[in-house]
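In what comes next, chain A is part of two complexes: it sits with chain B in the first one and with chain C in the second one.
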Partner chain A sequence: MPFDVQFGWTTPIGDVVLGATRADGGTRRVSYRIGRGTTLPFLEDVNGSPAPLIAFEICDYPAFWSPIIRDYCGDLVNNVNEWTKTADATYGADLVRLHLTSTKQRNFSDIASIGKVVEGVLSATSLPVIIEGSNEPKIDSEVYQKCGETGQGERLLLGTAEAGKYRSIAAAALAYNHSIIAQSPIDINLAKQLNILLKEIGVQRDHIVIDPYTGALGYGFEYSFSAMERIRFSALKGDTDLAMPMICSAADTLTIKEVRETGPEEQDAAAIRWEFYTCLAAAAAGAEIVCVRHPGTIPLLRAAFADMKKEAYVTTGVP
Partner chain B sequence: MTDVELARKHGEDVLKTRIASIQKPFSYEDTAYHLPISYALTGVQVHDRAAAEDVMTKTGNNPLVASECLLAEKTAAGGKEPAPYTGFISDTVIRKLGYSLVDGSILGLALIVGSPQGEGGAAAICRELQEKYMLTFLAGNVIPSLSGAGVKLGLEYRLIPLGPTPFYGVHFVDIIARVAMMFGGVTPGDMHRLLAYAAERAKAIVIVFPGLTDEEIALVDGMRVLGFPILSLGGYEGGTWTAATPDDVVRLGMEQKGIRVNVTAIPIPMGCSPAFEGKSIRKEEMYVEFGGGRSPAFELLRMRQPGEIEDGKVTVIGPEIDAMKEGSANPLGILIEVAGKTMKKDYEPVLERRIHNFVNYGEGSWHVAQRDLIWVRISKEAVAKGVKIEHIGKLLASKFRMDFPNLLDAVSVTLITDPEKVLAAKKEAEKVYDERDARIKGMRDADVNTYYSCTLCQTFAPNHVCVITPERLALCGAISWLDGKIAYEMSPSGANQPIEKGAVINALTGEFEGVNRFVKKASHGEIERCSLYSVMEFPMTCCGCFEAIALMLPEVNGIMVVNREFKGMTPSGMTFSTLAGTIGGGAQTPGFAGISKNYILSDRFLQGEGGIGRLVWMPAALKEELKERLEKKLAERGLTGFFDKIADETSAETIEALAEFLERVGHPALTMKPLV
Partner chain C sequence: MALKALDIYKLLPKKNCKECGDPTCLTFAMKLAGGKADVELCPYLSDEAKSVLGATTRPPIRLVKIGVGTRNFKIGEEFVLYRHEKTFYHPPGIVFRVTDTMSEAEIVSVTKRVRDETFTRVGADLRFNGIAIENVSGSPETYAKAVATVEKVEAHLPPVLIASDPTALRAALVHCGTYRPLLHAATKENYKEMCALAKQHGCPLVIRSDSLDGLVQLAKDCNAEGAGDLVMDLAPATLGDFVRRSTAIRQLAITRAAPDLGYPVYLDTVKTGQQDAAVALGIVKYASVIVTDPLPAMSAKAALTLRQNIYTDPQKPIQMNPGIYRVGAPDKDAPVLMTVNFSLTFFTLQGYLESARIPCFMLIVDTEGLSVLTAVAAGKLSEMLVRDSIKKFGLEGEVSHRKLIIPGYASPLSGRIEEATGWKVLVGPRDAAEIGEYLHEEWKK
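And now, the complex of A and B:
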């Protein structure tokens, strides 16, 4: 008897649209519709889920970025627009994820500059964009307002909402029709609770991407994997409060001892290996978006995902 | 005095006639929502008289719709009002306002209309609204009165002058209609959704000064349908407006609409955080103490009607700490009064238990036990920093408001240190304790249709589901049925959810259709059936927090209980920790159940196995702990003498010794129906 790879699942994962083409009121050259999976990924002979999207992470204030990436990318990191262009044209990312690290500076208050950075990145690439705002209660409200307003019409993915910090992001998503990343600390129940809180405030299910929080491989990733697996199982069994696509970032891998303490000649290779295996494992657990910071990781992931059967839902538009 | 009812009726008639006299087409600029109120209510895009009349018919000649049409026509004909008036506000600005509302940086919206007496008559009200994070819209004479008194107006001051007459107050409603469509997912024409959104989500109040015309009264009164409280500052009678004074109008309005200011910092000279909770204050570190058998002391939390108490008020009756001798024991009464729309009398004891946590949050304050057994200490270090009795009151008032924002609107605290007054108040408190005991004691599982779940432990026991009933506490002993109920009311999407128990499948083992359905879903499909009163058949799952374990001993046809504190070997051949490792993690293990200690006293304990007569062994310390209460229970059930037939480690360490013991005392389990 053939093995039932549908496992009796009842409910497909919901979908979320990232980026708006001209036809939808934006200026992106592509728009992705992620989600819609009906079973687990990487099953042979199953048209279950498309290959995950690969996001390349950049920032607007590189002092708060991994020295490995600063060394590898060189001067590029000091010019966020050029860095964005390179991520798109040279590194071959599907998405650009901008971290507004400038907001982490002590007593940061130049909200107008945030608008300029976001504007710059949106004109430097016509890929859909993920924006990570501030993490400081004093300025969150203004920062997310600015991000939302600047990206109006582009269907950004805004990050990152947490249980104690979701109102400003939700407000920006509602006011300017963006989607949001909802992060919980490796816990299925907290993930569900946050989604319900967001629902109560008015954010629709098709505007939420779950970030289960990704530990580095060997540094807690096994917990992330287990949480993701359970989120996905519950979703496929019919729990609509968890039936959203997931996003995972390998950011933690760049700070672990094995990578930090590797000698200079081997360090890039080590960083790439750790990012790659963390992202690959996240993809196996069902992530729809994986995020990397080292440009060298992208081709490896592309090759790993090459045989995935289903085409991603991509709408192309005039850039 | 203007009679609101008469004025409204007349005003509505006038508005209707005026609609009929509209001549030219009209529209607002800078909006995608046409005439927002009309559009949201009916989906009709009004730009001329015909459409206006259509909407009037569809809404039963609603005065809000009439006013909107008339003001739009006036604006189209006469142009926008000159500065400082804003007139109709554009969609772009509304988007930002809506953002601040969702974001929480604005707590709510207020509209002030009418003519205050003299310059600055509304200044104090506006200042209070500003301080309470309200965004205030103004229409009519209130505006010159404020600017004449030097009050600054504008969006940045959260005071928005809409227009020169109260009629411009209609913009207040078109703003809310647009926020509902932009943020609330209200589709144009869905009147029901709009009204529900306005009533439940839009935190808006209306403050009325005297001097409104009949039409303006009709407009303002029309806002009641949106669920906004209308507060009158005099000059009006009849109708359903709430009379208020300038001093209490903001508080009354916010209270009526349930708008709450969040407390963030507690103004006391010591740290306050759960981090200090575990820290005790030893005798050498103590400045003064209260209770603990050394002096009379008690605590009591009571519910009052909203308006009966003043939020945040702290009163000390008797000497302050500086009049107390170092190292002395003093009398203390802690009286907490709370009010809130959803507060219920049943919650009193649950909230009262929190006094214990909150006092311990203080860096230099310490609390143990409950009711009239409390023992409180304040440290020398804290007193040196300036901590007084009053600050304990401030801490309690603030923490209750912070931790129960949806439940409590007002908390006031009275601390009594006067010896005679403490004794008098304590007597009163004891009456309340007795009433409560009677109420909770009387509660039976059969009396309620709803039980509560607890899935707090799913973080580490993924498929564990605790079912909490009035007669069965959570297995950790920390959450009662009432706690579950209140936790659900406070956090409707939290770990405690209501369970409709549904039809009875087996009354003896406590199996219910609704409980099974819930458990299956909450255990992610892993557990199909759950019997609440049985150890043998489909027992409840175990996380790992159980106070004790009940398990079968087939050799003696009985059930033994071992509690967490007992470190020795049990007749089952396993220690508590070995047993805990075997049954925990969210599994259902027939023959084993995690239980709270108090559950042993419940009438439902071991009901599925024939009742407490099955109990053959318990550690001596646990027996001692329960002795008084258990013997009373046993006597009630006609089982006098049974207590001594329960073996412990002093009478039986092994299963063989236990069998001998049970035989010797003639234990009833030996003659009961075989367990397996």
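And now, the complex of A and C:
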């Protein structure tokens, strides 16, 4: 007797395209269509949905980056183009996520330099790219405008829109046909509210990736885990304002006491394991893009995702 | 189909005799409806009522106890697919594996590690739970000797005995048969002998099959043989198999669509070849016993932390006792930082203060476990609360100055706190990560 496992889902997750190939007017060698899930993560027919994507996070001003990563990557962190190439060719990431940390410097105003950094990264890799703009209301508009313009045609994913700041990023995304990350502080209702605000100013569902915000493992990760499960659940039950793919970054996990205060000989192992546990659990809860900062985390995630997507060798009674 | 409390009440004797331990039949009915009581507690039920109630009021997943003494652990008795629907009650026992081909010294060292290793974080002691001993040699004598080696350490850890040969298990049970070990595993070939052993020693038994049909059949067969405390090994060939089967079983069990699958799940991570991944997925996807080779230190901490997170009750925020906490050995000139009693806020701030290496006082005020942002928004954090807390905990006697650093998110209250307390208020950063830099730059001035 085959078992009939009923969840009562009615609606698949919507999809979002990341990156544009030549055929679509860009220069990326690959473009990803994420989303389209019809049930809980990893439960569906193996060919039905792709494995989660792994993004490697880099920055253009490493003073604001984890010292663990600075030590591990060495001189690369001072050359964002070389770092990008390495993330693509050596670390084996699916996506590169550039944080424009240079904009965090006091009284930063050199917008032209932002354009050069983005241009450099886009020519250093032909993978789809995520760009995190500034976090300073005074320059947000110019920074996002510059990023959007420089990446025109490439179908970037721009971050990060929040309830208090989404207009300038949305304007850049709309003007140059990019998608955006919509972040809310670990709360399904706030996530929905932000998506509605974005919809009202004309950002289409298929241009939004939800970031429910990922608390550090051991310091609130359980809230993020449940927020992701609830968003996925509501989406599959038919709430189209939440039916977008999700992104999770393990960045906070590198700053917690347990990782920060590990001795130098074990610090890489600590960073890798904590990022890995965080990202794998987030993927099981519904994240379709997981972001890491330690290169050593990528092969572990890759192997785990491959094994989770493998065809079950027994099909009797297994959904 | 689950019965409602009133439907159950109709079947009860309505004597309010209190013999079940509840004051009235109605409160007993409510407990039964929630799966929190056993029908057997009522001495006056007819057999017919018992059979009707038994099937619907039993917890959908059986509670199974492994081991005896202070380190025993209980698994099962779960009710939901998502932790946010209620909570997950019984964290999985993570059990380190040794084999009977290891040296005595190795076996002893793993056993001692599980006995002694404690990882303390956010106010809780996290530990691994037991020792699995696997018969790899094929010899019952060698196996029994390995089990005896573990028991000689007198760690009193719950044992998991892994052997496909009932003769080997019988030999091992001589050494630990009274400690309620978990036996692994009954299959359709050997279940009769395995059930006889489980029954003889009163221990829980793992049933193993790679199909749900196979598990149902085995559960029925083992019940018929008198073995009731069962745990299910889904024999996954990949991590994906595990996630799919484990999720299907949880859903079928809690909806009572397949009551014969209402047992906790066992996961052997060794065979997956990816232990970290299997441990993490076991924790988030419904495993109740997780067998793993001894984890390296960093994996161990991440695994225990993930388990702690996922099995935290989402219905109640974890709170600290309000009061004054010291970081280092602060003197009368040391800074005072006020924050809320939400435990994550407390431990995050405390961690950064410790690494800043500036001795200081933390004034923890009672916001009923709300974070700074939510406490300010909900009006739980107010100038009166801060004023009363300063008085109540005797802060004025601890320091000679009258300066209070408040969290960045509490800045809207800064003026009112100054007025109410007479203390000078300094607004600190929003993010605890910046507190070290803040203290070095602002306090030292």
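Methods note: the second predicted complex is superposed on the first by the 295 of 319 C-alpha atoms of A that agree within 3 Å, B and C clash if a C-alpha of one lies under 4 Å from a C-alpha of the other, contacts with A are read in each partner's own complex, and residues count from 1 in each chain.
Definition applied: a residue touches a chain if its C-beta (ideal position, glycine included) is under 8 Å from a C-beta of that chain, and two chains touch if they have at least 3 such contacts.
All of these numbers come straight from a predicted model, not from anything done at the bench.
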item: Chain B versus chain C as contact partner of A:A89, first or second or both or neither; value: neither
item: Contacts of A:F233 with chain B and chain C, given as first, second, both or neither; value: both
item: Chain C versus chain B, contacts on chain A by residue; value: C
item: Contacts of A:L40 with chain B and chain C, given as first, second, both or neither; value: second
item: First (chain B), second (chain C), both or neither touched by A:A23; value: neither
item: Which of chain B and chain C A:N189 touches, first, second, both or neither; value: first
item: Touching partner for A:A270 - first (chain B), second (chain C), both, neither; value: second
item: Touching partner for A:F225 - first (chain B), second (chain C), both, neither; value: second
item: Which of chain B and chain C A:A175 touches, first, second, both or neither; value: first
item: Intersection of the chain A residues that touch chain B with those that touch chain C; value: 230, 233
item: Chain C residues touching chain A - in the complex, by the definition given at the top; value: 82-84, 121-122, 210-214, 237-241, 243-245, 247-248, 251-252, 255, 257-258, 272, 274, 276-277, 280-281, 283-285, 296-299, 301-303, 305-306, 308-310, 312, 314, 344, 347-348, 351-352, 354-355, 373, 433
item: Of chain B, residues touching chain A in the complex; value: 95-96, 98-105, 182-185, 455, 458-459, 462, 493-495, 524-525
item: Parts of chain A lying in touch with chain B, wherever the complex brings them together; value: 141, 144-145, 148-149, 167-168, 170-172, 174-176, 187-190, 193, 196-197, 200-202, 204, 230, 233-234, 237
item: Chain C-touching residues of chain A, taken from the complex the two chains share; value: 1, 3-7, 40, 42-43, 46, 185, 217-223, 225-226, 229-230, 233, 255-258, 260-262, 266, 269-270, 272-274, 276-277, 280-281, 284-285, 300, 303-304, 307-310, 312-314, 316-319
